[in-house]
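So, here's a batch of structures to check.
Consider the two complexes below, in which chain A is the common component and chain B and chain C are the respective partners.
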Partner chain A sequence: MDWEVVWESVPLIWKGAGATVSMFAWALVIGTVGALALALMRLAAAKPLQWFAIGFGWLFRGIPLLILLFFAFFALPELGILLSPFLAAVVGFSLWTAAYQAEVIRSGIIAVPPGQSEASEALGMTKAHYMRRIILPQGLRIMVPPFTGNAITLLKQTSLATLVTVPEMALLTQRIFSNNFKFVEPIFVLGMIYLAMTSVLLILSVAVERAVSLKV
Partner chain B sequence: MEWDWGIVGRTFDLLLMGTRLTLVLFFFSLLLGTVLGLVLALMRMSRYRVARWFSLFYIWVFRGIPVLVILFFAFFVVGRQMGLTPVQAGILGLGFSAAAYIAEIIRAGIMSVDQGQSEASEALAMTKRHYMRRVILPQSIRVIIPTYMSNSILVLKVTSVAVAIGIVELTGITRQLSNSTTRPIELFTAAAVLYVFLTTVLVVVQEVLERRFALKT
Partner chain C sequence: MNALVQVTGLRKSFGDNEVLKGVDFEVERGEVVAIIGPSGSGKTTMLRCINLLEQPSGGRIVVDGRVVCEEAEDGSMRFAERGDVREIREQVGMVFQRFNLFPHMTALDNITEAPKSVRGMSKEDANARALELLDSVGLSHKADAYPLQLSGGQQQRVAIARALAMEPALMLFDEVTSAVDPELAGEILLVMKRLAEQGMTMLVVTHEMSFAADVADRVLFIDHGVIVEQGQARDVLTAPQSPRTRAFLHAVLDRAPMAEDDGSTGVGEEAGFGGSDLFTEQVAADPEAGPDDG
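Then we have the complex of A and B:
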């Protein structure tokens, strides 16, 4: 391995970090809002809402993420929806995040003992009220580990955006090695940047887990 | 715009060829990942510190790096050096990646077996190798199957990333056909249906296995 090439590659690849991180952040925010909605629909009394949430999860967890990205990138324009590569990727990643995090939020909510909602109802609280003040805060503790696990997966999967031409880190890496035919060095740098990013997220997730855990 | 679902019928043979390659990638990378994952899980619980560290390090690296990057490495670095075909490099990369996840699944399964089982085996003068194989692993299977199978479904979907190193599996062939026929909606929908079909088959296999290995009471 030629260390000079390694050091030259670092700033070139790092230029894509902004796109990587912003795709990750947007998809995580949009996807989590969607996931919360889906989880509540899944637990709602109305059957059509339940079916929608089940169908959504089955569909978007059954299809590879890459197919979602290709669909957003190649097929949506045919329907008259023209998105930039970045937006198409964010749409794909958000759908993926919503489908996976909905399961996490739902299992966190149903893990809270039913006595809690019964007691809230006995106190005359509305469902919306006790969901927000009683159930979700307690479910949060159970949701954190799988939620952060999915978030780390999402960060890694933003690398797939290279296949729909988003100039993120993997794309810039490919640009380097298709120019100078030095493969080891840029791929090594790319791997190390991702490893650093996911390790930071891992440490953060442990900190969050500790922050929300019961103080005894 | 008008739909032309006939395109799916006219290209179905090609889509099936792609599906076949997807299944080849899936089967061999899962096989490689399982063997390697078992070795890593046993190393992780070994009494030798070096083995434990190696396993931990491997899992940290391969779970911390995107599959895409692992495939780049397998294809452009290892594959070029060793003269591998894209499919061989793909299996190598996908398999090494899967191993890191499978190792954790197997380890969790083994740890779920009650401590008393190994103590009793030792009291019966069985060697560690012997009771691992005859007492602990068979009991851990029950715990391993559900997580192993849902991980396998992920492995199946992740084979689509192989398109990045030029393998024309289901996702690859669909992209090519969609570019040449300008019928992306119909073709990607067809590919999605094929993937959902395959993952549904795996869910059924999971149910069968779970029932087969369930405790008979």
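Then we have the complex of A and C:
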């Protein structure tokens, strides 16, 4: 491996980090909000809400993420919806995140013992209140590890946005290939940058896990 | 004045399993009623119907003049509106077998959560009231402790304080000593006894026959979803009329013999009872308690 090429590659690839991180962040925020809504729908009494949530999960967990991106970027314009590459990618990633994190949030909620909602109800609290104050904070403990797992997957999968021409890190790496026919070094750098980013997520998740753990 | 709780023809089925088969009883204001019976007899279900943690399949329940549920002519059930249910639940405190404290909150926050959110009490008022209540159950030194840092007996006393913070007209106790070590049951029963003496209306599902004899005004014996016998506590416990009641009491008391028939039971005997100083001994024995605690 030619270390000089490695060092030259770093800034070239790093230029795409902004796109990678912002696709990730937008999709994580939008997707998580959607996931919370889906999880609550899934647990709601109203059947149509349950069906919607089940159908959403079935659809967007059952189709490859790449096809979601292709659909948003190549197919939507034919239906009159023209999205920039970045926006199309965020749409696809958000749908994917919502579908997967909804299951994480739902399982966190149902893992909280039923006595907790019974005690809340017996005290006269509204469901909206005790969900927010009693159930979700406790479910969070259970949610953090699988939630982080999905977030890490999402971060890595933002590299798929290459295929809808978002100038993120993987796309810029390929540009290096075509300029100087060096493969090993840019791929090595790209891998290391992803590894650094996912490591940050892991460290964050451990910190969050500690913060929400029960005081014994 | 009408009875605080009026239950008529209460039925409850889980699928094909009819757990309550038409139960009638009333609880007067200030009365302490103990519900005894074999496990699976429907005691707990009956209690949980009163604040609609279970939805009855038939019959009528009225609490403090408000209809909780009512069976229509055609046999369908009408339940109180959601908002009314919440108002009824404010009036009805409940203490559970497994405490059900909120494990992510301190003892103090457990107690203040509902007064703040449901009754709109200010933080200062809620905290002050919670500290009074913690003091009354002998746990003012544990205000900042988390539930998992407390013993079962302490957790259950916090749970009682939590229910009392809503200033309920009625307290439901669902086998509140069953999940704690036997030597810790006494401290819970003591709190309940004092509550009874302060005039609280209480409906107590219990296996503690001595408590029933000592504190309850009336005892209901329930078996296979029907009330087999009810009456003055001492009558039911010492001179049961029904053979089923007799058999049950025999089975229970063989293992835990009741005290002599004077009704004295060892629960909260004169010495040390009355006033929060009854817990000072225990506090002093607690290595975590500071010198000025209690």
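We adopt the following convention: the second predicted complex is superposed on the first by the 216 of 216 C-alpha atoms of A that agree within 3 Å, B and C clash if a C-alpha of one lies under 4 Å from a C-alpha of the other, contacts with A are read in each partner's own complex, and residues count from 1 in each chain.
Throughout what follows, a residue touches a chain if its C-beta (ideal position, glycine included) is under 8 Å from a C-beta of that chain, and two chains touch if they have at least 3 such contacts.
Keep in mind it's a predicted model, so treat the numbers as computed, not measured.
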item: First, second, both or neither for A:74, with chain B first and chain C second; value: first
item: Contacts of A:205 with chain B and chain C, given as first, second, both or neither; value: neither
item: Chain B versus chain C as contact partner of A:22, first or second or both or neither; value: neither
item: Touched partner set for A:134, first chain B, second chain C, both or neither; value: second
item: Which of chain B and chain C A:116 touches, first, second, both or neither; value: second
item: Contact breadth on chain A, by residue count: chain C or chain B; value: B
item: Touching partner for A:156 - first (chain B), second (chain C), both, neither; value: first
item: Partner chain in contact with A:187 - chain B first, chain C second, else both or neither; value: first
item: Which superposed partner A:50 touches (first chain B, second chain C, both, neither); value: neither
item: Touched partner set for A:66, first chain B, second chain C, both or neither; value: first
item: For the chain A and chain B complex, residues of the former touching the latter; value: 58-59, 62-67, 70-71, 74-75, 78-79, 156-157, 159-160, 162-163, 170, 173-174, 177, 183-184, 187, 190-191, 194-195, 198-199, 202
item: Chain B to chain A touching residues, read off their complex; value: 1, 60-61, 63-70, 72-73, 76-77, 80, 157-161, 163-164, 171, 174-175, 178-179, 184-185, 188, 191-192, 195-196, 199-200
item: Residues of chain A defined as touching chain C within the complex; value: 113, 115-116, 118-126, 129, 133-134, 137-138, 212, 214-216
item: Complex contact set, residues of chain C against chain A; value: 51, 53, 86-87, 89-90, 92-94, 96, 98, 100-104, 113-114, 117-118, 146, 148-149, 159, 162-163, 166
